[in-house]
Amino acid sequence: MIKVQTEDFDVGVELKALMARAQGVGGIVTFTGVVREWSGNQQLAAMTLEHYPGMTERQLADIEAEAVRRWPIEASLIIHRYGRLEPGANIVLVITASAHRQAAFEANEFLVDWLKTKAPFWKLEAGPAGQSWVEAKATDDQAADRWKVTSGPAKRRA
Amino acid sequence: MIKVQTEDFDVGVELKALMARAQGVGGIVTFTGVVREWSGNQQLAAMTLEHYPGMTERQLADIEAEAVRRWPIEASLIIHRYGRLEPGANIVLVITASAHRQAAFEANEFLVDWLKTKAPFWKLEAGPAGQSWVEAKATDDQAADRWKVTSGPAKRRA
Amino acid sequence: MIGAMKLVYFAWLRERVGKAGETLSPPANVTTVGALLEWLKGQGGGYAEALKDLSAVRVAVNQEYAGPEAKVGANDEVALFPPVTGG
Amino acid sequence: MIGAMKLVYFAWLRERVGKAGETLSPPANVTTVGALLEWLKGQGGGYAEALKDLSAVRVAVNQEYAGPEAKVGANDEVALFPPVTGG
């Protein structure tokens, strides 16, 4: 399930809702991304997330389908917020539930890495020095690249 | 922080409490382990977790300190329940919060893998065929072994 | 001309172009993403500013990522934006 | 004898020994975990049953994991249990 919204989310509530629709689950992993107070040495007043309505939902649905194809996931959820967010605010939530903990961990990391490099969101930071667009990080591309396999589960633990 | 208890826990409540005492966090990972309804082809009525009071707390505190030493973790929590638990019940909760998502993911997996192989808990399953002690899995030892490095963060992503 | 297509811009590309979107009718030889970017850049002003470093520009055609060789045509929705920074 | 030590048993080791714990005073030559296990096994009955496959037995001395060479002595708390299955 995917949700793109301005409203905040409650991890506990989302987790319970997901568990209610999942069967055979042994391990559940959540990742919550929050707005950091400091960006480099600049203290943030706020961050504004712009996105591409339509393409965002399409990309998130594609990424989730890919994770379900590659790992034995019983249930999953991706929530990504947009709009103005203050330090400490939730940005993104990814939940993956599986019979096996390793699948839950790997699928979750996969989703988070791909969100960072594929989902059409852009962060505009506002601080004492004014507003500036966050630049994409090469390390995020590298993190996403490690999941590039042509078929079967990722084999990053040889 | 570690807790060994019979009472259930609420992931949302624990997450909020942890965030209230953490600073500079950008990503939070939670792992929740729950009692599976099926063990092999046997439908479980319940599971009873026995533990070694005293040593359990000592091992959990040691494991947590090791994770904090190896990764830049701002806050962490380990809760492990014992006693009688029915299918779907929470068993274990591990939360790791860091400025960087990869540290939060890695430290969390490290803690879960070590809990499985070091924390003195034993599962007694009750099903239609009677009660039986769960046998330790070689795959859990292998999962824990991948974290055996002498110093510095784990380098499993060469 | 190949017919009208919808252009949309995001983040600093939107700011440099000076608008969030528009409907344009490029000349008939503009049939690929690469050709469209070069033609737009040639329009000068905000376009030239926004597109001066094409390595920092990502393109989606009808909401799917597209490379320079991808075809574009009438009624397509073509989005230009910087590398994404969500998650 | 080396003095009394406290033995504790968990999971199926507890069931086979038939008790959760006891205070024992092994002979003076029992100064290591390995010697203690062999001596206990020699007591027959539930001990022999519980310890027949030592590869399935883990030991902690004073709540820290200990190998066969580890020293044991008076007032130590020695725990015997199967490989753990928590988490």
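Letters are used for the chains, namely A, B, C and D, taken in the order the chains are written, and counting of residues starts over at 1 for each.
In the analysis below, a residue touches a chain if its C-beta (ideal position, glycine included) is under 8 Å from a C-beta of that chain, and two chains touch if they have at least 3 such contacts.
Every value quoted in this text rests on a predicted model; they were computed, and no experiment measured them.
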Chain labels contacting chain A and also chain D: B
Find out how few touching-chain steps suffice to connect chain B with chain D. 1
Expressed in whole Å, how far the mean CA point of chain A lies from that of chain B is 22
Whole-Å distance, chain B centre to chain C centre, using C-alpha means? 49
Between chain C and chain D, what is the gap in Å from one C-alpha centre to the other? 74
Mean-CA-position distance for chain C and chain A (Å): 27
Check: chain A positions touching at least 2 other chains come out as 33, 112
Tell me, which residues of chain D touch at least two other chains? none
Could you list each pair of chains that touch one another? A-B, A-C, B-D
Spell out the part of chain A that touches chain B in their complex, as residue ranges. 10-13, 15, 19, 23-34, 36-38, 88, 99, 101-102, 104-105, 108-109, 112, 143, 146, 156-157
Across the complex, what residues on chain C touch chain A? 8, 10-12, 60, 63-65, 79, 81-87
Chain B - residues contacting chain D, complex: 33, 49-52, 54-55, 58, 80, 91-92, 112, 115-124, 133-136, 140
